[in-house]
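Same chain, two partners: chain A is paired with chain B first, then with chain C.
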Partner chain A sequence: MPRVSLRSLFIAVAVIMAGFQLVAVTLAALPPNRYSDAAAPRTSYLAPYFTQNWRLFAPSPVAEDREVWFQGTYTAADGSVKTTAWVDWTAVELDLVQHRLVGGRAGYVTSKLYGPLGQAYRGLGTAERETADETPQDSPPRWAQLRADLLAGGASPGRVSTFLLYEQATARLATDVLLSRWPDRELTAVRYRLRSAPVVPYESRSGTAAERAASRPEATERDSGWRRPTPGTAAERRTVASFDRRHR
Partner chain B sequence: MIELGHRLIEAPRRWVVAAEEWLLAEPRAIHGAALCRIGTALSVLGLLVANFSSRDVWVGQASIWAQPVRELSQFPELALLDGVSGDILTAFYAVTIAAALAMALGWHTKAANIVTLVGFIAIVAQNPVVGDEGDNLLRITLLWLLLMQTADFWSLDARRRERRVAATDGSVSAMRQAWDGERVFPPWLSAGLHHVGLIGLITQTILLFTAGGLDKVSQGVWQRGTALYSTMQLPEFRPYPGLSDAVSSSSVVLALLTYVVLLTQLFFGPLLLNPITRRIVLFLTIAVNIVLAVLLALPWSSLAFIALTGLFVSGETYERLDEWLRATAAPVGDWLVLRWYDMQDLSAAVLDRTLWAVVDRVRAGASRR
Partner chain C sequence: MIALAMGWLTREKHSTYGLAVTRMILGFIVASQLLVNWFDRHYTWGDGAVWTQPVRDAKSWPSFLGLFEQLGGVAFDLAYLGTIVFGVLLMIGYRTRGSALVTLFLWMSLYVSSPFVGSGGDAVLRMVLLYLCFTDSGRRWSVDARLGKRRGEIRPLVPEWASSTLHNLATVLIIHQVVMVYVGSAFWKLQSAVWKDGTAVYYPLQTDAYSPWHDLLQPVYAFGPVISGATYTAIVVQLFFPLLLLYRPSRFVALILITGMHLGIGIFMGILYFSLVMIAVDMILVSDRSWLRAEAWVRSRRRVTVDTL
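So, the complex of A and B:
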C-alpha cells in the first residue's frame, strides 16, 4: 500500500530529524562546555534560525550607568578655534525609554555600544592607545593616516580595523549630532567621552535620594582623541536632527 | 527465552505503531497553538508599531552605531534591508506590520506567518546591537508555527472555513485552499507536521528556560541576590524610577522575585509533568513576565514568553475559558451593537434636522426658480 509506506517514511524521517534536533539544540543551548564545544561543527546548522539565547533575563547584568557624550571644535567668525559644549547623547536617547512602558529600541543604542567601543580601544597596545588619544585638535589625521600611524607601532591589523570601524561610526554620529545642534558652525574636529557611574550599592538602596547619590562610587571617564568630522548623508543628518529635536 | 527474543524482535514494530499513533493522530494543542499564534503576532506587531517613529534611527539610514556590528557580524541573517532608502524601509516595515496584524487575526494565516517571519528577521537584523532574547524567541516561534495548525480557533480563516463547508460542496482548488489557510495535505500529513512543529517548539522552550536558569545560578550576582536590583538601577530598565525604587528597597520583594525567576526557569520542564505543578509553574511564569514587563519596560518580549507558555495549557482549560468568555462577552457584544444602532439613529436624526434640511431647502429653492 503506497499510503502506508509514505506514512512510514514520514514517521522515520520525522523521528530521526526530531531526535537529532533535540540533541543538537540541547548541546547548543546549554552554557558552553567541552562536550558542546566538541559537537559545535555538527550543531552549526542551527545558526541562525534555530539558535536560542541561553542567557535569559540578564544572567550577569551590567551594574553601571553608561553614557556617551560628544564635543566638537569649530572656527569662530573671528578666526579663533573654539570648542562646543559637551552633548549628552545618551540622555537624548533615554527620552525614548523613561516614563514609558512601551519604549523605543533607539533609546539604548549607545548604552549597548559602550562596551564594544571600550573593548576595541583596549584591544590596542599601550603605545597605539596613546597614538589614538593624542591626535591634534587643530588638524586631526585622516582615517587612512590614523590607520597607518597605529600600524606603524606593530599593532595587529585586525584589532586596528575593529577599533577604526567603531571610531568612524562614533565620529559620524558625533558629527551628525553636533551639526544638528549647531548647523551653522563649521566643525574641524570631533571627539567623544565615555562615562560610567556604578549604580547605588545594594546596601545603600534604602537611603534618601541624597544619601543614595552620595553613596555611588566615583564615575570613570575617558575622552577619545580628536577625529576628523565625518558627516553622514543628507538624509541621515536630517533623521538624526529630527530625532534630536524630538527627544533632547 | 524464546518469548524474550520474540519481544525484542517485535519491539521496533511496536515503537513504529506508537510513533504513528502519536504523530499522525488528531492534532494536539490546537487551542494553545492558536493562542501562541495570536500572542507571537501581537508581540511582533507591538514591537514594530512602538518603534515606528524612530525606525530610521533603530534600523534605518541613521542606525550609524549598528554599522560596525553589522560589518563584523558573522551571523548570516536576511539582509534585505541593507543600505535601503527611508521610503523602502517604511514600505517594508508597513507590510510586515500588516502581515503581523493578519497573523494575529488569523486571516490567510500561513501566508501572513511567512511574511511576518521574513519581515521581522530582516528588520531586527539591521540592528543586532539592541536585540534581546525576545527577538530570538520570536524567530524560533514564528519558524515552528509554520509547520503547525494555528488557525483552527480564534481566526478569520476558521470562520471562513465554517461558512464554506456550510455553503458549498467543498470543490475548491488546492491553490485557493492553501491561500485561504485551509489544509491541502492529507489529514495524517497535516497532523504529522503539526506535531513535529509542536515537539520542536516545546523542546526549545523548555531548554530555553532550563539553560537560562542554569546560567543564572552559576553567576555571582544571582547567588548574592543583587542581579534584579542592579538591572532595575540602569536608566534603560527603569521606566518608572519610583516603582523601581519601591520594589528594590524591599528585601522581601526582591528575594521573592529572584527566587520565582530562578525556580520557574530551572524547574520549568519537570514541573510540567504533573497537572497541579504545571498549573502553578504556568501561573508563576505568566505572573513574573507581567511584573518584569512593567518593571523593566519589556512588554513585547514578555508577551512572546507568555504566548509560548500558552502552549502548555490543556485543551479543556481553553474550552472552558472560551465558553466563559463567550458567555461573558455576549451581553457586552449585544450592548455594543445596540449602542451602535442608537448612534446611527441619533446621527440620522441630527442629519435630518441639519444637513438634509438645508439640502432640501436649497433644492426646493432651486426648483422654484
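So, the complex of A and C:
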C-alpha cells in the first residue's frame, strides 16, 4: 500500500471540501431546476450562513411602495373608546433613505417586515384568515386564545405559529409607536395596515406630475384584526420614541 | 497536470494584492457603516429592535452569536464601538487574521440581532469575511507587512504549503461566490418579461424605498434609452461575467462595466453599501501585476508632486 504523507492528505481533504462547497454553492445559487432540487438535501447545510438568494430585483423588480401603518384604540377621559389616527411608520423610516447618498439601515425595517408579514397571513386558510381579521376591538384575544381559535379551524400548527410570531412582533412595534405618539393614552387595542401603492406605469412615465399621479393604479390595503397592546420595555419604548422624534 | 495544479496550490499565495484591497474595503465598510448609523444604532440593532424577538428566535442562528441581543445601554455601545475598532484594524491590516475573526464575530452578532435589517450586501460580506480568515490578506499593504519588514521573517507556525493551500482555495471560493451572485441573479432576471423587454430598472426607481432621488431625477428615469440601456447592461454583464474573466482585455472591460453598474445602483437606488461590498470582492480579480503597476504609478506621481513642491 502506498504511503500517504500528511501533506498529501491535508491537501486532498482541503481540495475535496472546497470542491464540495463550490458545487453546493453553484447548485443553491441557481434558480430552481431539476439538478438543484435533487441535490437540495445535500446542500441544506449551507443555510443560514451560506444561504444563496440572489434574486436582486428579479424576476419581478419591486414596483410598488410597501407601507406598514399602525392604529390603536384608547379609553378617553369620559370613558368612551376612541380610535387614534393611522401612523405611517414606513414614511418615518424612509426619512433615512430620501435624499441621502448613504441611507440609514433602519430605513428599510418595515419595508422588509411587509413581505413575510403578508406571506404568513396568506399561509392561513380562508376561514382562519377571517378568524384572525375579525377579532373584537373592545376585547382582543390573548395570543394563546387566538392560537386556539386558529387551530380549532383545522389550520396547520406550523403555519399558525409562523403567523403568530410575525403578528406578535408587529403588535409590539405598533404599541411602541402609538405610545411614542400618544404617551398619555391608555391603549386598549392595536392593529396594523399593509398598504401597497403601485408605481406610475411605464407607459405614463413622460406625463406631468399630475398626470403621472393620476395614472397610478389604486393602492391595495389590508387591515389586520385587533390585537392586545404589547408594550416593550422602558428602554425599547424610549428608543422608538427617540427615533420617531428624529425622523417623523 | 496534477503536478501543475499542486504547484499552483501549494507553492505561492495568489492574488495577495487584490485580497489586500478587498480586506481594506470590507474593513472600511464595517467601520464606516456603523459610524453612519450611530444615531439610530439602538433602533436598528439595540433596545429598539427587541420587538423583533419572536421572529429572531425562530431563525436558526447559533446562540453564540447572541452578544448584541444580551446587551443594552452602555454595554451595547461599547460592543458597537468595539466592532468599529476591529473594522478599522482589519482595514489597516493590524494582526490581520485575528482582526478578521473578531470583526466577523462582532459583525455577525450585530447582524442576527435584527432580522429586518439584513441585505444581500450583508450576506456577501459575511461569506467573504469568513473565507478571508483563511487567506493571508494582511501580506500586502498592511501594518503587519510593514512590521514584518522591520523585524524580519518570523518562522511561521503553519508550514508554508499548508497556509498557501488554504489561502488559494479560499481565494477561489471568494471568486466563485461573487461569480455565482452575478450568474444566479442573471438567470433569475431572464425569467421575467420586464427584464427581457428592457424596462425592469424603471420600476424600483419609482419607489420611495429604492430611489432616494426620484423626485429630482424623474426626467432621466422617464427617458426610455437610459432605462433600457441600464436594464440590458445589467443582464449581459452579469450573465457573461465568468466568460469575460477568462481573457485579460475582456476582464478589464468586465470590471469597469460591473464597477460602473454597482456605483449606479449604489447611488441611484440608495444601496451604496451593497455596491461597495461587491466592488470590494471584484478587486480580487485585478491581477497582482496590475496592482503593482498601479502602485508604481502612484509612487511616481507622489515623487513628481514632492519634487514640484
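By our rule, the second predicted complex is superposed on the first by the 203 of 248 C-alpha atoms of A that agree within 3 Å, B and C clash if a C-alpha of one lies under 4 Å from a C-alpha of the other, contacts with A are read in each partner's own complex, and residues count from 1 in each chain.
Simple rule for what comes next: contacts are C-beta pairs under 8 Å (C-beta built on N, C-alpha and C of every residue); 3 or more make two chains touch, one makes a residue touch a chain.
Because the structure is a prediction, the values reported are computed rather than measured.
Once chain A of one complex is fitted onto chain A of the other, the partner contacts of A:Ala18 extend to both chain B and chain C.
By the touch criterion stated above, A:His99 is placed in contact with chain B and with chain C alike.
Once chain A of one complex is fitted onto chain A of the other, the partner contacts of A:Val200 extend to both chain B and chain C. Judged by the touch definition given at the top, the superposed model places A:Ala63 against both chain B and chain C.
Residue overlap on chain A between its contacts with chain B in one complex and with chain C in the other: 7, 10-11, 14-15, 18, 21-22, 25-26, 29-31, 47-63, 65, 94, 96-113, 116, 162, 165-166, 168-169, 172-173, 176, 199-200, 202, 205-206, 232-233, 235-236, 239-240, 243. Interface residues of chain A, counted against chain B in their complex, comprise 7-8, 10-11, 14-15, 17-18, 21-22, 25-26, 29-31, 47-63, 65, 90, 94, 96-113, 116, 162, 165-166, 168-170, 172-173, 176, 199-200, 202, 205-206, 232-233, 235-236, 239-240, 243. Within the complex formed with chain C, the residues of chain A that make contact are 7, 10-11, 14-15, 18, 21-22, 25-26, 29-31, 47-66, 94, 96-113, 116, 162, 164-166, 168-169, 172-173, 176, 199-200, 202, 205-206, 232-233, 235-236, 238-240, 242-243, 246.
Put simply, chain B touches chain A in their complex at residues 16, 19-20, 23-24, 46, 50-51, 53-54, 56-58, 60-69, 71-72, 75-77, 85-86, 127, 129-130, 133, 136-137, 139-140, 143, 188-189, 192, 196, 199-200, 203-204, 207-216, 218-219, 221-222, 226-227, 229-231, 233-236, 238-241, 245, 248-249, 261, 265, 292-294, 297, 299.
Interface residues of chain C, counted against chain A in their complex, comprise 6, 9-10, 33, 36-37, 39-40, 42-44, 46-48, 50-55, 57-61, 72-73, 114, 116-117, 119-120, 123, 126-127, 130, 159, 161-162, 165-166, 169-170, 172-173, 176-177, 180-181, 183-185, 187-189, 191-192, 194-195, 199-204, 206-210, 212-213, 221-222, 267, 270-273.
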